[in-house]
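You will see chain A twice below: alongside chain B first, and alongside chain C after that.
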Partner chain A sequence: MEIRPILSTLRRHKVTATLVILEIALTCAIVCNAIFLIGQRLDHIDLPSGVAESELMQIIPVGIGKQADSHARATADLAALRQIPGVTGATMANQLPFGNQSWNSSIRLSPDQKLPSLNSTIYYGQDVVRIYGLDLIAGRNFQDDEYKWWDDTAGDDSLSPHVGIVTQALARKLFPNENPLGKTIWQGTNNIQIIGVVRTLTRPNLRDVESNGYSIIMPLRVTMGNFAGFVLRSRPQDRARVLDEAVATLRKQDPRRVFTEKRTYDEIRKKFFAGDRSMTVLLATVCAALLIVTALGIVGLGSFWVAQRRRQIGVRRALGARRIDIVRYFQTENFLLATIGIALGMVLAYGINLLLMVHYELPRLPFIYLPAGAALLWLLGQAAVLGPALRAASVPPVVATRG
Partner chain B sequence: MLKMSHLAKVYRTEVVETYALRDFNINVKEGEFVAVTGPSGSGKTTFLTIAGLLETFTGGEYHLDGVEVSKLDDNARSRIRNEKIGFIFQAFNLIPDLNVFDNVEVPLRYRGMKAAERKQRIMDALERVGLASRAKHYPAELSGGQQQRVAIARALAGSPRLLLADEPTGNLDTQMARGVMELLEEIHREGATIVMVTHDPELAARAQRNVHVIDGQVVDLAEDPRFHAASHLADTAS
Partner chain C sequence: MFAYYLQLGLRSLRRNPMLTALMVMAIGFGVAASMTTYSVFRATSRNPIPQKSDVLYMAQVDNWGPENTEKGEPPNALSYIDAMALMRAKKASRQTAIYPIGPSVIPEDAGRLPMRQGAYAVGADFFTMFDAPFIQGGPWTSEDDDKHASTIVIDRKLNEKLFNGGQSVGKQVNLDGRLFRVTGVIDEWNPQPRFFDVVNTGGFDDAPGVYIPYNRAIDLQLATNGNNNCSSDPGEGWDNYIRSECIWNAFWVELPTKAAAADYKRFLQGYASEQQRAGRFRWAPNVRLRGVMEWLDVQHVVPPESQISLAVAFGFLIICLVNTIGLLLAKFMRRAPEIGVRRALGASRRTIYAQFLIEAGTVGLAGGLLGLILTGIGVLGVGLVFPKDIARLATLDPSLVLLTLVVAIAASLIAAFYPTWRAAQVQPAWQLKSN
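On to the complex of A and B.
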């Protein structure tokens, strides 16, 4: 094609050409990084919890401190909740993934180990594995006689159940390439033998990618006095009704009870990731705005050049250019501008990414974003220039003689 | 080579219809050098733009090289303009952003010619018009006469059989006009058919044949009543 003459023409319109190139470069750099950030956030938002999200609900009563009959009350509450039609599981538990309230402990491989091996969150509650819908991939679940009341064992290690179920992530971290079943881990001075492994159970609060999955489940029953909440399970379509009936049932058990939360698991997840979601929307809006402004810039410049070159287009037609040759001229010109802009944009994209890596601990921009960003801007440029190019092609050859 | 019979061209605007050409008849033979003269607004440029397939006409017939051109589509017309016709405009019409070399190259590129052949033809054409040394200059750096010679080189480079020139010397002083005219005569001697519109009687006289256009029609000066009326008046005065 006529690349060389087009380039030399552009060289004679340096300022305008440079402005478009810079606009494309900047858009390319920002959009590449923004899309990468959006991808990161979306991955984050999609982080699996490990629980049966579509079937779970949570009701959190206001904590009321120690009550003499708290165990009996909890047992009676749960028995009443299980009577509600459609309830397939009801328990009291200290926490749920993404629920924000989190109980954590340092874990060691021996009691005298100086620095802990890792920090894990600990889930308490009767029948958590079944009711949460966890995927037990090795070992066994707790037996009924292994369960104890959390406040009975507090402060006395000898009363602890000494058994626990851990996540695969935690097991792999502590015992890489070893069978974790039967191994002993230490929570302070309390020894816990691993009897089962679940595939996934994410923390209530997120930290970093690696330790988000470090969780231990202990066979300990908790009560309102331990800041525990009710967790219920039903079929998805029953949840709204079950929640209402559950609150009514609990009020009947104790009319003075006040609840701070009454929500489905979907609401828990939505609230937890609300910030990420609005950041994603913001970034996407910025991207769209930049792309639109760039496209409009290309359309504007294209139209200006068509008007400015009207006579020479007529002359080219008179000298034998077909309409398609005129369209191609503008397309090639745009392709060249876009290519230079994209090349600059890639360098800039890596620069911005480096800054983000240093200041916000973001990972390196994967290579695939560069060709993807380039393709996007090439397409955008070609789409934007098509209108002006077609208008150019409709300039009649007679313009050469009549001006 | 170029034959128009009963050709008509009407320009329609919202208010008026202008008959730029009516019952226009002309027959230019291969190898002829024809000068077209006539008063301003008589239709000379209209004739040339239709002859060069820059515009369509509203009635009659036009055969170029034996082909009835009204049946051709836009691409075919572009192709004929590119291969058979060379244009020389009063306003030179060089592309200001391209240097002399690139300007002459424009029609050759649309012919899809290989780079080596293009270069050869461009340099030959520039040699012909005596501007080979100015290949890297831009139009704005040349005099009017030089620009018109570049335009002639551009028209020549594709070796067209028909050269159409609309007042090629209209924007030039006598000296430069004479140079351009000599160039056209030389090109004609080498076999090209040339149709040139001009206001200059001296240049018109140097052509093989003169065609006079009045009110959109070709007139034979010897038989035109208007001409006779004028000479009759002259007779009685003497």
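On to the complex of A and C.
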């Protein structure tokens, strides 16, 4: 295909050509970044929690001040909950991954270390490893005699438990290339020996990719007075019934009890990521709208050009050009414009990405987005120009001899 | 002439409905997307207390030092020690320490369940400083503050629940089993963003219904219902806790003039260097005194979702505009012969400009009307993307309606500028000859 006649035609329609290039460039830049943002959000939404998500439920009661017999009450409540048919586990715990309410602490490797090594979230509750369905990959679980009541030990290190289970992410960060079992870490002035490692247990509140998995589990029982909630486990199909019966059971134990939350784990996850999911839908809609508008623009201008060049096309046809030659002409023309537009769009895409990196701490746009974006816009351009090109090809040669 | 051109424009738009529909849709969608996202942006970036935002300031004192803070920014809350010291100093014309509490209101009727209430522990000045609208009674007095009195201010909603909306000043309210005397009832009041407690609410939350004296809340050992951060272990018990460097208090002052603000900043500096001399701070004074809008900005109250979607939507509008330029060009140039005839019959370039800009304006108006409908739908759908506390602030009010139409017409006129210029350049002789 000879390009020179196309170039000389384009040179005479600078403005219209520039408009098409500009539109493709802007679309390319925005779509590349929007798809990148969508990818980021989707990764975020799929973040594993580490718990048996399809089997867990949570009920959070409102605490009414301090209660004297809170230990006995908690024990009685849990005993009653375990009687419900279908319940395979029940405990009171301070938090769940993605549950929003979180307890955190700075962790040091020695008590006199100046800056903390990292900030970790701390999970409290009896039998958390088993009931949450965590994957214990090294060491052992807590023994019954290692558990204490949280409010008995608060503020007094000598009473606090000195054993803990950590996540693999935390162990790797603190002790790279070493066996973490038996190592000691410091939470404030309390020393904790690592006795077990679980594969994954994500934080209730997310911070950044690196520290999302920093969690420690301590053998401490919590009660209603400590802002704790009930966590129940059952088979997935029993959950709705178990949840209703559990609320009824807890009301029977104490009729003045009010609940702020009563939900399955699926609801916790859905609520936590609701904003991300909607943002994904929004960005995807805008991308689709952009591509449609750009395609329609190319169709509109393409038709205008065909109408303008009817005679020229007629002459070419009369001089022996085949229909396919005319179609090729318009396709090549569009390909050229798209290529310039895409090249410009890439630069713009990187510029926008740089802005996003500075303002929103986003990572750099991966290289793969550029060829993918280019291919998408080339295809879009070719598809959009096909209609006008076919209409051009149907111009009869006889037009050349008229008016 | 205007009416005639309008008629010509409408007729021309009817002549190729496909092209017209494309342009109207491009403008409509572009405008709707930007206006919808703008409505959210406007809601989150607005001034919550415009009448007083230039005299209210939030104070910060760095009690953690460079080891525990980032980029030299002092912690976003104060320790009890600092909040109390600033409160006692009374160096501002009005001042209040603030922290959120989460008490349960226990109705007198034993058959009714306790209600969890959003609440704040505040000083007596709080209500005057922030223009809280009283419908009964008023704030408690500063003597009440000094006496650690059990007084309470409730909002209209809680007054309706507890006292069926009747006169309740002087009556008692039971919080967690303790009685408080009502001194006033405020109307439903929920400044958004909630500038005085951005740290715990992110700026947006349901209206709090209860306010009690700060000093009384401390006596009752009511822990904060918001964030509490400690740089070191506070040790056991309430007394150790309030003597610790844990931070959980906001501190706001009212300073009527810029000079007073500068004085107060100097006072804060002085306070911090005093603490340094006393050995409590082992670092140079690091204090901030920020106005309402600056504080909201520093705390990133406008969610990044809102900014990104606004940027994407404006990008979309620009592409729609470029698209409209192309389509208008196609449309106008197709009518070159008609323009040639009009010019040959004596129309000046000026009249050609007028005719085509009016035609473009009608496209803009149609696009604006479509955009208005779509913005309406978009605003209803804001709740799907943004948290409900933010979504309900985004509304299609008269100013947004006007703005939508203005943006649509302005956009189409800008888009029409070049095509119109090209149309006016048409050489009559050329067109007449070729036909």
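Observations on the model:
We adopt the following convention: the second predicted complex is superposed on the first by the 402 of 403 C-alpha atoms of A that agree within 3 Å, B and C clash if a C-alpha of one lies under 4 Å from a C-alpha of the other, contacts with A are read in each partner's own complex, and residues count from 1 in each chain.
Here, contacts are C-beta pairs under 8 Å (C-beta built on N, C-alpha and C of every residue); 3 or more make two chains touch, one makes a residue touch a chain.
On a predicted model such as this, the values are computed, not experimentally measured, just so you know.
Of the two partner chains, neither chain B nor chain C is touched by A:N94.
With both structures placed on the common chain, the touch criterion links A:M279 to chain C but leaves chain B unconnected. When the two complexes are superposed, the chain touching more residues of chain A, out of chain B and chain C, is C. By the document's definition of touching, of the two partners only chain B reaches A:P5; chain C does not.
In the superposed model, A:V62 lies in contact with chain C only, and not with chain B. When the two complexes are overlaid on their common chain A, residue A:Q312 makes contact with chain B while staying clear of chain C. By the touch criterion stated above, A:S49 is placed in contact with neither chain B nor chain C. Applying the stated contact rule after C-alpha superposition, one finds that A:T294 touches chain C and leaves chain B untouched. Judged by the touch definition given at the top, the superposed model places A:A400 against chain B, while chain C stays out of reach. Annotation: chain A residues 403 touch chain B in one complex and chain C in the other. By the touch criterion given at the top, residues 19, 22, 26, 29-30, 33, 67, 104, 106, 113-116, 176-177, 232-237, 240, 304-305, 307-309, 312-313, 315-316, 318-320, 322-323, 325-327, 329-330, 333-334, 384-387, 418, 422, 435 of chain C touch chain A in their complex. Within the complex formed with chain C, the chain A residues making contact are 15-16, 19-20, 22-23, 26-27, 29-30, 34, 37, 62, 64-65, 114-115, 154-156, 188-189, 256, 258, 260, 274-275, 278-279, 281-283, 286, 289-290, 293-294, 296-297, 300-301, 303-304, 307-308, 356, 359-360, 403.
Considering their complex, residues 45, 48-49, 52-55, 74-75, 78-79, 81-83, 87, 89, 91, 93, 95-99, 102, 105-107, 109-111, 154, 158, 166 of chain B touch chain A. By the touch criterion stated above, chain A contacts chain B in their complex at residues 2, 5, 8-9, 12-13, 311-312, 315-323, 325, 396-398, 400-403.
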